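Two complexes follow with chain A in common, the first pairing it with chain B and the second with chain C.
For the complex of A and B:
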């Protein structure tokens, strides 16, 4: 049976001063992912190995790791695709390590929260007590839907060279989400988000290395969102931007009579 | 946000890559390392301007000191340095032009609903980068010929 060599980062807080690499041998199975290999190690070799995972199908974004020097979702990475039988798995860079492969993603969620990742409605009464849905065209939806697929896995932040050097830079995840909401016609929080992004440690520190989009496992393309955010901000400051009209609310359905009469019951009612 | 971020970095093992990620951050492709090249050439040009101003300061010492310094600067090692400055200028100017356009969202295309296998906007528009690199090489070779002849 062919075997794989897993070189896994280990770190136990309180005991280890720095992380080190431990080597494991894992039998190769067809269709095996890196996460399968880690689960094999935990179940059969060393049950103290810690890593985070949940859905095992690339949806939850929990198992982001630095696999053979590239940020990837462990569940979404078949070992055969790596083209080698030596697999090095480290915790995501740019995030503190809690234990072994578990990165502390607090920073990601705090930054995400800070850009107000929700629709800020111009009509607070309607937002609190909605009477109907907001109308939106297919074209408007296409303007942001790509960015709405973000699963908050943190791979883009691990890849970003600016996040690597500036702890206060919001990072591709939150800036991408800022654009996603700013371009939504139902939202009225553009000014707040522009103000937040337009700071010394803000959007202008992105120098388009493009690593965030390369690493994104969901095709979200945060680099594109950030450049579009910059354009929107420049146009806004030069007053060249068309003001977006707030989304209108759907009219209640008019009462109508069915075109075909509902047939009578053929079975006698008891 | 600042306190919580700093707090969590103190509690756990710090893992920020820092400035070394400019040199090598992982198995990324072209644009990530053009980012590094842009910074390195920028710093190189800054160093050149500083040295250039310092050298011009020798004029204050009179004609003889100026002639002396010009003799030193005429040595072949400095000629290679001058060529490297010209090459750095070409790279920084052309890549900077691309960055200005792309920073404003031009040449990147429109957002598209992601369909697997995902190809991001920079990778879709990679021919622009190849064209820019070809122009850089052509100009660098032309300047080299001018320097040699």
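For the complex of A and C:
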């Protein structure tokens, strides 16, 4: 049976002064992912190994790790695709380590919260007591839906060279999400987010290295979102920005006509 | 939107420099005779067009260079360097260089 060598970062706070690498041998199975290998180690070799995982299908974004010097989701990375039988797994760079492969993602969530990642309604009364849904065309949805696929895995932040050098830089995740909400017609928080992104350590520090988009497992393309955010801010600053019309509210159901007539009963009623 | 406006100026001066430096180099290199000879230099110094070109070149180059330097220093995230101290220091340096550098062509023109 072919075997893989897993070189895994170990770190136990309070005991270890710094992280070190421990080597494990794992039997290769067909279709095996890096996460499968780590689960094998935990179940069969060393149950003290710590890592995060949940959905095992690239949806939850829990298992972000630095695999062979590239940030990836362990569950989304088949070992065969790595093209080597030596796999080095470390915790995500640009984040402090809690233990072994578990990175402390508080920084990511703090930065994400700072850009107000929710719809700020222009009509507070409607937001508090909604009477109906907001109308949105397919075209409007296409303007931001790609950026709404973010799973907050932190891979883009781990890949970003500016986050590595400037701790105050919001990072591709939060800036991408700032654009996602700014372009939504239901939202009225553009000014607040532009103000946040316009800081000294804000959007303009992005060098467009594109590492975030390369690392993103969901195809969100945060680098594109950042460029679009920059363009929107320039247009806004030059007062060339088209004012977006606020989304209209759908007619209340009681006043709307049914789209399809209810067919008559074909079975006689008793 | 202060940072955005500063960045817009950075782009404008960058594009401006492309044309100004290009004009300066092409005219200097393609001009008949030796561009650094006494006649050529004094001839350019007496021309209002060249004076304007030099002053614009100076303004655009200084802004572009100093703003670029500010971006690099900010990225270094020097913990004890307050942002306002950096901005004012660079502004004073820029104005001092401008004042000294603009004096020479204006004095020559007059």
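As a working rule, the second predicted complex is superposed on the first by the 252 of 270 C-alpha atoms of A that agree within 3 Å, B and C clash if a C-alpha of one lies under 4 Å from a C-alpha of the other, contacts with A are read in each partner's own complex, and residues count from 1 in each chain.
Just so we're on the same page, contacts are C-beta pairs under 8 Å (C-beta built on N, C-alpha and C of every residue); 3 or more make two chains touch, one makes a residue touch a chain.
Because the structure is predicted, anything quoted here is derived from the model rather than measured.
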Touched partner set for A:130, first chain B, second chain C, both or neither: neither
Partner chain(s) touched by A:202 [first = chain B, second = chain C, both, neither]: second
Touching partner for A:194 - first (chain B), second (chain C), both, neither: second
Which of chain B and chain C A:144 touches, first, second, both or neither: first
Chain B versus chain C as contact partner of A:78, first or second or both or neither: neither
Touched partner set for A:233, first chain B, second chain C, both or neither: second
Partner with the higher number of touched chain A residues, chain C or chain B: B
Intersection of chain A interface sets (partners chain B, chain C): 165, 167-168, 234
Chain B residues within the chain A interface of the complex: 1-2, 4-6, 8-9, 11-19, 21-22, 25-29, 31-32, 34-36, 38-39, 99, 102-106, 108-116, 118-123
Parts of chain C lying in touch with chain A, wherever the complex brings them together: 1-5, 7-8, 71, 74-77, 83
Residues of chain A defined as touching chain B within the complex: 11, 13, 18-19, 66, 68-71, 91-98, 103-104, 106-107, 110-111, 114, 142-147, 149, 159, 161, 164-165, 167-168, 207-211, 213-216, 218-221, 223-225, 227-228, 230-231, 234
For the chain A and chain C complex, residues of the former touching the latter: 162, 165-168, 194-195, 198-202, 204-205, 233-234, 236-238
